[in-house]
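Pasting the structures in now, so scroll down.
Next, two complexes with subunit A in common: one pairs it with subunit B, the other with subunit C.
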Partner chain A sequence: MIEIRNLDFMYKKSPVFSNINLSFPQGNIYGLLGENGVGKTTLLKLICGLLRPSQGSVYIDGATSYDRHPDMLQRIVFLPDEVTLPDGKTPQQFVDELAPFYPNYAWGTFLHLMEELEVDPNRKFKEMSFGQQKKSLIAATLSLGTDYVLFDEPTNGLDIPSKAQFRQILSRRFEERNTIIISTHQVKDVENLIDPIVILSNSGVLLDASVERIQQKLFFEYGGEKRDDALYSEMQPGGWMNVIPNQSGEESQLNIEALFNAVLRNKNTVRELFS
Partner chain B sequence: MEFRKQKPIYLQIADRLMEQILSGEPAEDDRMPSVRDVAVNMGVNPNTVMRTFEQLQSEEIIYNRRGVGYFVSPDAKKRILAEQRREFLEEELPLIKQKMQMLGITFEDVMK
Partner chain C sequence: MNNSFDIKRFCRLVWHDVRSCPKEYITSGLSLALTFSPLMVLSQQLLGNDYTHGTFYRLVLMIGMVTWWALMVPSYVYPNMGNKKRGIYFAMLPATKAEKHASIATVMVLMAVVLTAIGLTVDVLLTAVHLPGYTKYFWQSQTFQLIDLPMVVGSVFAFLGPAFGMIWANTLTKNNLRLAMMVLMFLWMIGMLYAPPLFFDGKPQAYWLMIAVEVAVTLFLAWLSRWRMDHMTY
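Presenting the complex of A and B:
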């Protein structure tokens, strides 16, 4: 379990986080959402111990992550949005260098994933497209066998078929012992995959709820008229979509983009609804 | 008047699995596909599919053999049809009636 306790973080003397508390129990694929600049990447770096909290702590199974104890480091992997790759090396060489630090690394898994994603593990990074590099990194990340996997914009640079492959690979590889956190703006790429959903803002955590709970609290109405009491309305080809507080208890299909807009525009209402 | 509802994904998956059971694949008393296989095929969170299976189990359309997996109930088709009949009569038919009135279509027109 990842636990963030009373976390403050300052960047060049300006506060990014103030008193953040969040828990990520295992067995879930979390979606971390938020507008540009709210600190999603910073939070991932704080979780895996790359950054030091100004106050408070991040605990991974009880151990402070910034202590960066080898026992903890071998159980977590972070795939940043942008990685400086060793140009002259191949994905196979790259993963061979990482593998000694990860006792659960599975060589077979790496080759299998590379084959599934149709990338040659023995081709140099500099001869690859950005998308192929990204696929290699995703295969490497998931083959390390860590309990904790943090992804920053994993679908960035992937073509349309690979986005579907990414979803399938994650649902196949994901196990009860895993905690996966995906930070992204491309919510359509991971719709139906992420659950629970965490929405960050400059003022802190706006939402931290399972899809089931969101559907119990909010109703997504499709194809009707615009409603005045909606938390958010959007014109769609088939009519208006409205996000309204769920009165009947009946569940409807979650639309994450609409959820995001509804939460951002009605911070206090949403806080009360979910409290 | 259109349907203004879209079911949550876990119920959409349930509908799909029930269609498959009605078509006889898997047949009654056959083993259901695994939660994992359904999740991977649809590219959805395995926990969502788990919720679908729990829902189908609560409706006694499938049953769980501990440690073995989920199986189709012996009277699954009967139960599915009964539920679909109820859904049609209570939810779909009133909307169709409204639309027929709006368009001036009579019951006789439909039965022609």
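Presenting the complex of A and C:
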């Protein structure tokens, strides 16, 4: 389990997080959402131990992540949004260099994923498009067999079929021992994949709830009139969509973009609703 | 236990580091060889026959160049260690920080040994074909006979110091600092390699002082580079 306790973090003198507490138990694919600059990537780096908290700690199965001990490192992998690749190498060579350090690496899995994503593992990175490079890295990341997988904007640069493939692969390969955290702005790409959802803001964690709980607390009404009591309304083809507190207990179809906007515009109300 | 220094994992890491950039070894090696070889041969033409310890200096010059090459190659191999984007895979590789630090130093030493052996072979070949200035094999130098154990130890430290200095420089992302460090380390190494014969004429205190300085500077740079690696963030 990933545990974040009383975390403060600042870049030089500008604070990013203040007294954050979060936990990511195993067996879930978490969606980490937030506006630009709230610290989503920073949080992922803190979890990996790539950054040092100003105060507080991040623990992975009880071990402090910043220590970056091999025991921890061989159970976690992070795919950043921007990676500089070894241009002269092929994905196969890249993975072959990493594989000896990961006890659960599966060679067959890598080749299978590359085939599924339609990328040649023996073609040099420099001869690939950005999307193909990204798909190669996704395949490499998942084939390492780590318990914890952290993705930062994984669908950036992927074409529409590849986004669907990414969702399918992740759903199929996900096991109970896994914790997957996906930080993204492209919520549509992962809409039916992520659960629970964590929304960050400059003031801290605005929402940390499962989809089921969100549906218990909020109602997403489609195709009606604009409501004055709505936390968020948006004109759509066929009428207005309103996000309102769920007073009837009826379940509705979650719209993550609408949820995100509703939460950002009604921070205190949402905190009270979910407290 | 798995988090302490593990020799098997360390060997795996050294192999990983060596195999990860064969292209850099070859291209940088060739470019440096092409640049420095004519200089070495030319300097031998100018100094070799007239200089008291000419053959010895030829050896020192060659070792200086080759070890500099050995130091530069890992700086191609590890240039991204301190880069926030590029260094992530290095930082996340499952090995201890001590293993990573030692692996880099080991690769540098291995490269120096291999490249020095190649350089000596070339030197012997040049002498065998009687290239002007190459009148004696390097082991026939009078000065070469005077090398003693403390000088060997001092020379090893004189080489390791720049190795650790370059590791430290590679953790810095500012190119100007890295460049300044490279120049400084080059001067240090050449100075230390050239200095021992200067003390042969009977200044034992200075001789021991020089070895002490070599050891102290090397230990300081080893500590500095290790400290920097321990505290690097991305």
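Rule of thumb we're sticking to: the second predicted complex is superposed on the first by the 275 of 275 C-alpha atoms of A that agree within 3 Å, B and C clash if a C-alpha of one lies under 4 Å from a C-alpha of the other, contacts with A are read in each partner's own complex, and residues count from 1 in each chain.
The rule is short, and it goes like this: a contact is a pair of C-beta atoms (placed from the backbone, for glycine too) under 8 Å apart; a residue touches a chain by one contact, two chains touch by 3 or more.
A quick note: this is a predicted structure, and the numbers were derived from the prediction, not measured.
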So, on subunit A, is it clash or fit between subunit B and subunit C?
fit
Just to be sure I read the superposition right, which of the two partners does A:Leu193 touch: subunit B = first, subunit C = second, or both, or neither?
first
Does subunit B (first) or subunit C (second) touch A:Lys45, or do both, or does neither?
second
Touch test for A:Gly27: subunit B only (first), subunit C only (second), both, or neither?
first
Between subunit B (first) and subunit C (second), which does A:Phe130 come into contact with in this model arrangement: first, second, both, or neither?
neither
Between subunit B (first) and subunit C (second), which, if any, makes contact with A:Pro80: first, second, both or neither?
second
Let me test your reading of the model: by the given contact rule, A:Tyr11 touches which partner, first (subunit B), second (subunit C), both or neither?
neither
Rounded in steps of 10, the angle in degrees at the Cα centre of subunit A between subunit B and subunit C is 150
Give, as a whole number of angstrom, the minimum Cα separation of subunit B and subunit C in the superposed three-chain arrangement.
28
For subunit A, what residues appear in both contact lists, the one with subunit B and the one with subunit C?
none
Subunit A touches which residues of subunit C in the complex?
2-3, 6, 9, 12, 16, 19-20, 23, 80, 83, 85-86, 88-89, 91-97, 231, 233-234
Considering only the defined contacts, which subunit A positions touch subunit B in the complex?
27-29, 164, 167-168, 171-172, 174, 192-195, 211-212, 215, 220-224, 238-239, 250-254
Taking the touch rule as given, give the residues of subunit B at its contact with subunit A in the complex, in rising order.
2-9, 11-12, 36, 39-48, 51
Mind pulling up the subunit A residues that touch subunit C in the complex?
45, 48, 50-52, 68-71, 73-74, 76-78, 80, 82-84, 86, 88, 97-98, 100-102
